[in-house]
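The structure is given below, and queries will be raised subsequently.
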Amino acid sequence: ADPLKIGVLFPLSGPMALIGNEAYQAAEVARDMINKRGGVLGRPVTYAVADAPAPTAANAEATRLIVREKVPVIAGSYASSLALAASEVAEREGALYWETIAVADKITQRKYKNTIRLTFNASMMGQTAADFAKDIAGKLGKDPKDLRIAVISEDSEFGQSVGDAAANQTKALGMQLVANERYSRTVNDLSSLVLSLKAAKPDAVIATSYLNDAALFWRQVRELDLHIPAMIGIGTGYALPDFLAATGASADGIFDVDAPASPNVSNLPEATQKLYAEFIEGFRAKEKRDPGPLGLIAFGGFWTLFTDVIPRAGSTDLAALRKAAYATDLPDGSLLTGAGVKLNQIGEKEAGQNSRALISVMQWQDGKLQVVWPQSAANAEMRKVPLPKWSDR
Amino acid sequence: MLEVRGISKQFGGLRAVNDVHLSIGKGEILGLIGPNGAGKTTLFNCIAGAFPPTEGQVLLEGRSITGLKAHQVCRAGLARTYQIVKPFGGLSVLDNVVVGAINQTHNIAEARRIAEEALVLTGLADRRDMPAASLPLPGRKRLEISRALATRPKVLLLDEVMAGLNPSEVEKAIVLIEAIRAHGISILIIEHLMRVITAVSDRIVVMNHGSKLAEGLPVDVLNDKAVIQAYLGEDFGAHG
Amino acid sequence: MTLTSLLAPYRPTRKGLLLSLAMVAVLVALPLIAADSYTLHFVWKVLFWALAAAAWNIAGGYAGQFSLGHAAFFGLGAYGSTLLYMHFGLSPWIGMFVGAGAAVAFATLIGALTLRLQGPFFALASIAFAEVLRIAIVNWRSFTGGAEGLSLPFDPSFANMMFSDRLWYVYIMMAALLIVLLITYVLERSWIGYALAAMRENEEAAEALGVDTVRAKLFSIGLSAFLSAIAGTLYANYILLIEPSTVLSIGFSVEIALIAIIGGMGTPLGPVLGAVLIVPLSEYLRAEFAGSLQGLYLLVYGALLIVMVIVLPQGLMSAIRAPRATARRLRGAFGGSTRRRPVREESRHA
Amino acid sequence: MSAIIVQLVVSGLLLGGIYALISIGLTLIFGVSRIKNFAHGDFVMVGMYLTYVLNSWSGLDSYLVLLIVTPLMFLFGLFLSWAIIRPIQGAPQVAQIFATVGLGLVLQNVTLMIFGGDFRTTASVFAGKVLRIGDIALPAPLLIAFAVAMAVVAVIYLFLKTSYTGKAMRAVAQDRRSASLMSIDVKGIDLFTFGLGTACAGLTGALLAPMFPVYPTVGINLVLIAFVVVVLGGLGSIAGALIGGLAIGLIETLSGFFIGSEMRQMAYFLVFLAVLLLRPAGLFGQRGSEKLGA
Amino acid sequence: MLTVRKLDAFYGEIQTLHGIDLDVLEGEVVSVVGANAAGKTTLLNAISGTVERYGRVSFFDQDIGTLPPHAIARHGLVQVPEGRRLFPFMTVRENLELGAFAPHARAHRAESLEKVFDLMPRLRERSGQLAGSMSGGEQQMCAIGRALMAKPRAIMFDEPTLGLAPIMVDVVFKLVRSIKETGITILLVEQNVKHSLAMSDRGYVLENGHIVLSGPAADLLTDPRLKEAYLGG
């Protein structure tokens, strides 16, 4: 049968290439797995790949994929600015835009019909972090209303929206917001920020960071002897193995709010467990390492598309695809992360947003990132709450 | 035409020009000489607005032009050349001169005509299409004159425009200066070649250490003891 | 004879005029022939970069104000019209000029504060100004949308400067480019062109010849900023997404200047030539190498840049204007002999 | 509070030492050969990767590896100078800028192809060590980098002032043709200067590696600061690079604390602009050199 | 000792020198005269190697026609360039020391410096001053001193009196004469034709990049063609 061509758009070069490539590799594994099962609609899946390091390129590449490569679906993209640009083209040119990773709230707030997002959005992450802080107030020996929370974020679009959501939720939950700072992710030093926090004496710090600034922050926290009873990171910065490599044992006990990197597989349905094993194996065979959390999320998105949405649509006609997409109903635990899929319907708030996206809180424990919250997804007990003082380590 | 009243210029601790008075009548040529570093070029710069004088006044046709910006001075009718020549290297010789002429008219054809006239006068007409960067030094000096002339000045300040000319070229240049004067332009000329100074100057001012050392008719000044000692040297005349 | 005679400065000929009209006609007809929207996007992109570079060229190429901060002007245009449209429903056709006005004001400020700076000092200062603006916009979230930027709701109508058919965008961009080119041509041949050239070559001498360099500088950077801002609005209404990390970035400024330089700065058609070369090249490289070895595309791009600068330091335009000299240069650059070898004499003593 | 302020100043100065270190090579090349090397940050990046690779292969501490990295980078600089800088020596300055931008792209993407985009961390016995004087913390790697910065400034300053080669470098900076007439091998000096500048970048990279994770585009963040430092201090001035670096470091930490972290960059750009307005040639620049430009 | 054969020189596209033949014998003073733009500076630069040139140049039997400028200077053939071209932001002493950059000269640096200071006491007074801040005449002295520091076997002067006050012109000519007396060979380009030919052994006349006349200086001084063209009647 003639192949079924899917558009795949990621930042494969430029400053976002690191994670862009990770996601793309996961997508390749998904394609290979589905083709081994005989493809989709009996047709082997091939990718028309687009490298979009910036929004202008995303616009160009999305146009090329739809107009030239005639793909019915573009899946991607990791970075929100790329998702915004590419989905706009999909809306205009008539293709389904299938976002697997990007989190900017705005992506699903524009009332676009063709834009679907399987993952959570930035506000949900920020809110979750604050919810979690409130949840552990007791362990920190405080009443939630006395809990002193500091919110810091790098000033990219991701950091700003997550940070704002966390700060707002902190206030909404009646906790004390004692600091709310933004910084550029390209800083070479965060001592002034650490010292500001020292003056603010927070019980918990909610930090949205990219990688180098996450490592830098934590190094300087230690150097400047700032005691943070609960360190709640948000996003990839705190989750990548690179973070552990850069901070070593001092990372132990840090929380990270994100999609679960190593979900509690035993809690998942058996089919998902099998799929999980197959994916990990496939990824290891291809890349000689384990996938990160974004790899898991990306895979889930592609897999849903191949095994659920397109088969139900029965064709690659846009209307059929869209109809099938909006009708998706996968229970929690269907995706490798433990999440399910159920989209907000057209006309509802945030149409196209997956309401069953799952955010978890993980914790570094002995060099491994364990899911510790919510209880249903947890595969380890929370520990080191509060964190020991630096002088006691 | 031009009157300089008590100009001084201080650079940090150095008083490069000290209370100098000068005046030039219409069509007059005033020679300005003095040892290297006497402050001649600095005086020019003060007059032409490259920088403001520390003290003193400059009057052009009775109107004060003190402290005006260089381009305003130029438009007021006073043009200058640079001792360290500053050609627009990437432009052709003609275009260099057109820049001077656009002061007069914003019509390019007209400006080009003015420029070509100036080039004919200075003898650069046959090199009008060469890039200015490829002119040798004396050519660049004549280019300086051409550009200044194209601004149609009333007073022209010439700073060592004959340095590097051989004796027969000097003779031609003297003719050029006379021709410029014939257009009714007053000239203040700095030159170290005594042949030139004596030939063209109506009067001479000698500067030394920033101050005026002597002033008067060429014959008188050049036989002045102080001038000989400071500037000409005892065996001046052995070769000149 | 044909192209070169058209391009030779200060010599507008009837033939040249006819030729340029013919070229314009071809340009206008072209999008009609090849009408799929990817092609249109591609044409738009070439025109867009040509426009941005041509606007830069007026300050950077003609007046010697080598700015690496033009993203600021561009961004002011994009943000200005978009904010007015989103907050007050003002048509971008009008907002465009408000944004351009803001850009001119900013340019005047920059120009006035950097009057004494030249060369790399000016370039660095222009980067600093642009960065200050970027940081301000990133941090003024409530108004500017912060780092997330602004995303224009797609609501096609002429008044909104949004169109479902990309052909419109292409023609608008083409018109803007032709206007800028026309301005450049006229400017180059006018007394102002002479004043700018003189200032670029030697400021002090220009001043002494009656050129008001302060005004000339402010004029050139102001005009350049104005046109850059217009390009910004056109961009915003096409891409429908503006965010500081793209439209206000140093990378964007550098790319604009790069295109003008590769093509030949200080020449009217240089920026167009640069865009015609660079845009397809980068598009091709990206499409070709995407998904294979990551980084290969930018690697090749960087290497080509180096080679280009070594071989044609004055830009492509110089190659067209002086083809023989360039050919010799090329041969020289690739190791061939450029002229006959030094004379070798048989005996060492004369 | 006062302890915090002292700490801020100390941290600012230490950070400034790093900035100075990054800038020295740049100002050297800028001053002597008039090359504006926009790839300088990428040279630091290459130095960091070299340190990382040698460290992880040989297990030698990164502060020992430094002794290999620096001379290697010197050779690398010689090669680049010969292959890329020499051909563009006479080109218009804008063209030069873009050749080095291209060089930076090549370096970034070659490393991307070799190492991928991952963040790599270099091990060292000093990483994580902190010297504490009372409440004041002095992280060892920063302290070492600061000391090396001082030493490098002193050595290069004395070298330029007193050694014959150093004088020749200054001569080349002032009048290339005249220098060649004085028996000075101008092209050799260009080559050597570029090598030296690159070695400085390599040394910087080796000193940064134990502190900052390295990734292919890390240099982009460094080069802009380095240029700000160099222009602030004065084109070609080694002392200026030091003072400029320390000034920027201090401005960053103090403004970060008192105004807010998001305003750090804004603060130093504003100071930078203010200095340029008042002293167009920078703090220590030769008066009039801002007009030299080319 | 300096032999030039069939020397061509180019500035980009333009050929400026055409087949120049020229000889300077040891200990001689040879003048090159010619109109503006005749190519005199270009000739000296072609010999020094700072312009693109083709042809044979030998110096003390060494082929120097393809060497780079610094190598030529190291052979002891030194130029005092037109317009002096000192290192403006260095002191007089540093300028002089750089003159002795060549290895063979460096060894004798201290004694050369003494000699230069003895010859031009003004430089000793000003040894700590920045060269760019001195008057034209002083700068010219410094430039000459800088050349002497190289322990040259021959010096090429390019218009050493350009822009100097008459009193300084005398000083410079006296300097050139005293340098000649120390046995250093001199190739002199000077617009003060009478004066320079008067102190030369032989002369060449350059016109549009061609040698049109040459011979003993005394003959040239009286040659009617030269008189008409360059001596201004």
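All chains are identified by letter, namely A, B, C, D and E, in their written order; residue positions are counted from 1 within each chain.
Keep in mind that, in the parts below, a contact is a pair of C-beta atoms (placed from the backbone, for glycine too) under 8 Å apart; a residue touches a chain by one contact, two chains touch by 3 or more.
Here's who's who by UniProt: B = ABC transporter ATP-binding protein; C = ABC transporter permiase component.
For clarity, every value in this text was computed on a predicted model and none was experimentally measured.
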Chain located farthest away, centre of chain D as origin (C-alpha) | B
Identify the chain pair with more contacting C-beta pairs: B-C or C-D.
-> C-D
With chain centres taken as the means of their Cα atoms, state the distance from chain B to chain E in Å.
-> 29
Take the average of all CA coordinates in chain A, do the same for chain D, and state the distance between these two points in whole angstrom.
-> 36
Taking each chain's centre as the mean of its CA atoms, how far is chain C from chain E in angstrom?
-> 48
Shared-interface residues of chain B (touching two or more other chains) are none
Interface hub residues of chain C, defined as touching at least two other chains = 135, 138-139, 294-295, 297-298
The positions of chain A in contact with two or more other chains are 13-14, 17, 21, 155, 182, 184
Listed in rising order, chain A residues that touch chain D in their complex are 13-15, 17-19, 21, 152, 155, 181-184, 186-193, 195-196, 198-199, 211-212, 215-216, 219, 222-225, 240, 242-243, 245-246, 248, 250
Which positions of chain A touch chain C when the two form their complex?
-> 8, 12-14, 17, 21, 24, 47, 49-51, 54-57, 59-61, 63-64, 67-68, 80-81, 84-85, 88, 91-93, 104, 106, 110, 155-157, 159-161, 164, 182, 184
Of chain D, residues touching chain A in the complex | 1, 4, 7-8, 11-12, 15, 18, 109, 112, 116-121, 128, 130, 137, 139, 211-213, 215, 217-218, 220-222, 225, 249, 252-257, 260-262, 264-265
Please give the residue numbers of chain B that touch chain E in the complex, ascending.
-> 33-37, 83, 134-139, 160, 163-171, 192, 194, 230-233, 235-236, 239-240
Contact residues on chain D for chain E in the complex?
-> 164, 167-168, 170-171, 174-175, 177-188, 286
